[in-house]
Amino acid sequence: MNTFGTKFRISIFGESHGQGLGVVIDGVPAGLPIGIADFEADLSRRRSGAKGTTPRKESDLPELVSGEFNGYTTGAPLTVLFRNENTLSGDYSHLVKHPRPSHADRVAKIKYNGYNDYRGGGHFSGRVTLGLVAAGVVAKKILARYGIRISASIKELGGITDPSRWDSVIEDAVKGLDSIGGIIECRAAGVPAGWGEPFFDSVESVLSHLFFSVPAVKGVEFGRGFASAALRGSENNDPIISADGKTLTNNAGGINGGIANGNDFMALFEVNPTPCLSSPQHTWNEETGSVETLVVRGRHDACIALRAPVVIEAAMAIGLAQFSI
Amino acid sequence: MNTFGTKFRISIFGESHGQGLGVVIDGVPAGLPIGIADFEADLSRRRSGAKGTTPRKESDLPELVSGEFNGYTTGAPLTVLFRNENTLSGDYSHLVKHPRPSHADRVAKIKYNGYNDYRGGGHFSGRVTLGLVAAGVVAKKILARYGIRISASIKELGGITDPSRWDSVIEDAVKGLDSIGGIIECRAAGVPAGWGEPFFDSVESVLSHLFFSVPAVKGVEFGRGFASAALRGSENNDPIISADGKTLTNNAGGINGGIANGNDFMALFEVNPTPCLSSPQHTWNEETGSVETLVVRGRHDACIALRAPVVIEAAMAIGLAQFSI
Amino acid sequence: MNTFGTKFRISIFGESHGQGLGVVIDGVPAGLPIGIADFEADLSRRRSGAKGTTPRKESDLPELVSGEFNGYTTGAPLTVLFRNENTLSGDYSHLVKHPRPSHADRVAKIKYNGYNDYRGGGHFSGRVTLGLVAAGVVAKKILARYGIRISASIKELGGITDPSRWDSVIEDAVKGLDSIGGIIECRAAGVPAGWGEPFFDSVESVLSHLFFSVPAVKGVEFGRGFASAALRGSENNDPIISADGKTLTNNAGGINGGIANGNDFMALFEVNPTPCLSSPQHTWNEETGSVETLVVRGRHDACIALRAPVVIEAAMAIGLAQFSI
Amino acid sequence: MNTFGTKFRISIFGESHGQGLGVVIDGVPAGLPIGIADFEADLSRRRSGAKGTTPRKESDLPELVSGEFNGYTTGAPLTVLFRNENTLSGDYSHLVKHPRPSHADRVAKIKYNGYNDYRGGGHFSGRVTLGLVAAGVVAKKILARYGIRISASIKELGGITDPSRWDSVIEDAVKGLDSIGGIIECRAAGVPAGWGEPFFDSVESVLSHLFFSVPAVKGVEFGRGFASAALRGSENNDPIISADGKTLTNNAGGINGGIANGNDFMALFEVNPTPCLSSPQHTWNEETGSVETLVVRGRHDACIALRAPVVIEAAMAIGLAQFSI
């Protein structure tokens, strides 16, 4: 379903080419200063425009439909609505019989018996993350009351870890009508020791639930993650070196037994190369009953990872807000 | 909290050295043949005994307290209870002031104001996964009705991928009073296309939520996972090659847009080297207010990853059971 | 919180005098024919206009922001938005210091530290039931697939059970600047035997949860309800008289052990006289620190029960939709 | 399902004639003093023994399987287990083909395809409320920290409000091999103003959800309830008369807009005459395909309402614990 959370609960809605999309945010404490301007910084980080991002331009101006009064949150559900503007839906109609590889086209058709809005991926579009980012803005305001700061950044693009070479690897992908993936790191500082629960509401469980809700994320690790598998316990353990729980190393990424231990959170995310390509691909044509070459025109991101950090931050913030008191 | 699921809901309880532990399983269809013998195979895979596992021996005999009648599930909550037998609780009392590094000792004390049962990790013990494995047995029965088969296996131990060398790497760890981690692979065959939901109930979201509930798991990836970040879209996309949705490659691990696409599920899991070591470690002594050397006697697993595959299978089964119809 | 349901999940939002209000409906099966016209009949039954209802006039035109495509539901969240038009917010500012008796003014101020939108009751306004009615329209469409029909009607107004006298009792209340309550009956025919769960998801539990969410409802009974307390078991029991479970009497209102038994559902609801009156009342003035006379101008319903049946039907439909298969 | 609550979550399990029954309680604050003796007072109020209650005798000795350590709650799930002892299961086998009127026999058989444990009502038995009462004991401990006191008592038995006549009305029912119902009142003092939520988590919604989970409850009203329908608003409104929100009358039963207003909670509950009778009744015989006379031997309560107040208190306490901070 499209609702997440108990204490801080979000319900996202909308499609890429429909009337609009957005989020209803429940459990917002009353009295947070809030206005449209508060959303601008994060929305602009998500917005396309840079090289390697889609030429579809949207102003993404949020409307606060409910939950705001005189510049403050009221405690009632906060609804943030975005109108779609720049929709060229004619681009997509041929995909009904000819699903794009590695996209949701085919599974959506099966799941919804062909009634899904297939235009631009419909409800499966990355555009629906607008609601996540908006909710993240509010969650960050809650977390700021605890002194928690979240920041995500790109660590690798197209297999390259050296940032000086990213421009050229993106350019190559654009020229090749292809796409590239990336790896994002997200950190959270200031999470109070004791947040989290054992087992099903472990910090890692709640956060990974949200991280894997972000389209294109196919891998998540906390702390040293997969690399810890090759370490011995004596190397991987983080010695506690002060009364406030600070550790000499932070291989655990700030989380023991599912509970924050007072050290910084650190997590890594794999972001797939977007499956939407302008180059020819092979896929099944349901009408002809054979594998055929598909060329998707539309407007695509050659490197969706460029726009992902702020979405990952939002997921982290929404997740941590579940544990606030 | 300690409950997971809506359609198939499990509530786990218990501590390592208390009276017992187990699980209440709700949403079990009536009429599944069930008996104590059904649990034996999976419980024995989780049980210690092999080299590299703890010398603590438990019979782990399940009692079906409720939900079973005349050899079948009744549709009412199925309660599986395990009694603790072989508890040596004297081992742990000194850990109250001297928390083990990278263990939950310190965070549990903070979270529960010192009232937590610290013996053997209490409710944070890996022993609580007995309830998960029991629930997994029931979930697998549900999934078998759909023809779904789940299997997990070890892919790497102590940084070694060659199985012929695992015995010696374990032996080395035991001799060194140390521990080693591992990487587990889990596959599910036969998941019907269309299972899953967009965003918050994506297959990856629901499954990762459970996977990260398993103690020691710090990394999860689906399909090709982190490796996809270095591929181009044209390499990473899985061409659809038949009417039933089979793909030429399976980089997506059987999941597109959060929805099963009919191909096999494949996921990888990092399992940390257990933080419980018999070798000396440095940690904070809360009484003396200084870093000191801690030697934990107790009984430990040098390689908990050996016992993890069946727990991972259980998590996969419990997660998939949420999507059954 | 403002979300209800697991299988069919609604999230309501909005305030009486804000930008708008509405509902996000998740779990809607794909392929239901849907259009704005489908909402008109139920919305008009909820709309004011008759004698005894508020002179505030609203067109209540729904907008389908998401989840609809080519005249059918898509399976993605269906968002129904209503814009507020006829708001006279100046009426309410004096209520901040002078809360209306038996209204939510004072508790909302306490709960939300004074940040609540107090205009027209804000999020506590009966106007928020627009979202319930809209969700009810969709739920009824789902239930119609099972042959379930729901209808609610007024049984008593102002203590009078004879419909021929209702006009005059309403007129008296209007003239007296007062308000009257009523009793509503709701029936559901065709609910399949077996729907419902024991205990916490009993039909009565789920339905009453929703019924008591409707503002002004202070009493709910199923079947013969309170009257059964004075019967003997031999009188109150419903003899089963046919193979399909039909009973001679229906004192249980179609529900045994929390489960539908195949007979008609019957429930009664008390609807309070609206606490908004134009006549002088005594209440505490927080500024002066004394009991004073309050005269609320605004626009009120003398008999909100007139508009309640369709809201009760919606609650019944939303509740029953949880049990659909 | 058999789980209720988010903040304070209970999962009940068990059958009347199975191995045992009980409850897993999650969200219990660490550090509450707890021991078996704490349960005795409430369990004895629920226990049979008085005239009009079943001759089945059970010691109902609770076992604390998990969540307790050194006499205090640990913060981990608290499991309370009761073993069944005095089971005469031979009494019930003939009910498979001959369901008792107004009992769950027939609906359970339909819902669970005949796999339900039919002995003594199985999971539908009032005996399962043992788990509710146990959870209520814990919830009351939490509420006591806020100064909240809950008490329920009988207001009417067999249609008689005068307590001096109750003994004889019960005796008549026993002699007539019949049963009688009753009306219970429950009050809660000290609930802080501001507890509760608008709409779906209104105090009335959450509480009624639990109240209607109690077998035999068919009517619930808050404050003046159904009687308010015949009052004018000017009569029904509760004038606020002091700075702390005390009202001159308390027709609202302490709740406005779903939120506690600081006045006492008051609610009434109808408890049906138990449908289990020893006198002959008519019901459908599924084997012969005709209405026949059924005589149920077994052991029954002639007046289950006698044992209901402590169950109602438990439901009130469990519900209020959801709102604790």
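Note that the chains are named A, B, C and D in the order they appear, and that numbering of residues resets to 1 at the start of each chain.
Please note the rule applied: a residue touches a chain if its C-beta (ideal position, glycine included) is under 8 Å from a C-beta of that chain, and two chains touch if they have at least 3 such contacts.
All of these numbers come straight from a predicted model, not from anything done at the bench.
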Any chance you could check whether B-D or B-C wins on number of contacting C-beta pairs? B-D
Rounded Å distance between chain A and chain B, as computed from the means of their C-alpha atoms: 26
Length of the line joining the C-alpha centres of chain B and chain D, rounded to whole Å: 37
Approximately how many whole Å separate the CA-defined centres of chain B and chain C? 45
For chain C, residues contacting two or more additional chains: 1-3, 12, 76, 111, 123, 198
So that we know how the chains sit together, what is the shape of their touch graph: line, ring, star, complete or other? complete
Residues of chain B touching chain D in the complex: 1-3, 9, 11-15, 18-22, 24, 26-27, 30-31, 63-69, 72-79, 81, 111-113, 115-117, 119, 122-123
Going by the contact rule set out above, which residues of chain B touch chain C in the complex? 6, 76, 198
Quick check: in the complex, which residue numbers of chain A touch chain B? 1-4, 12, 99, 101-104, 106-108, 110-111, 121, 123-124, 128, 156, 158-159, 173, 176, 178-183, 193-194, 196-202, 204-206, 208-213, 215, 217-226, 228-234, 236-243, 245, 247-248, 251-253, 256-261, 268, 270-277, 279, 281-284, 286, 289, 291, 305
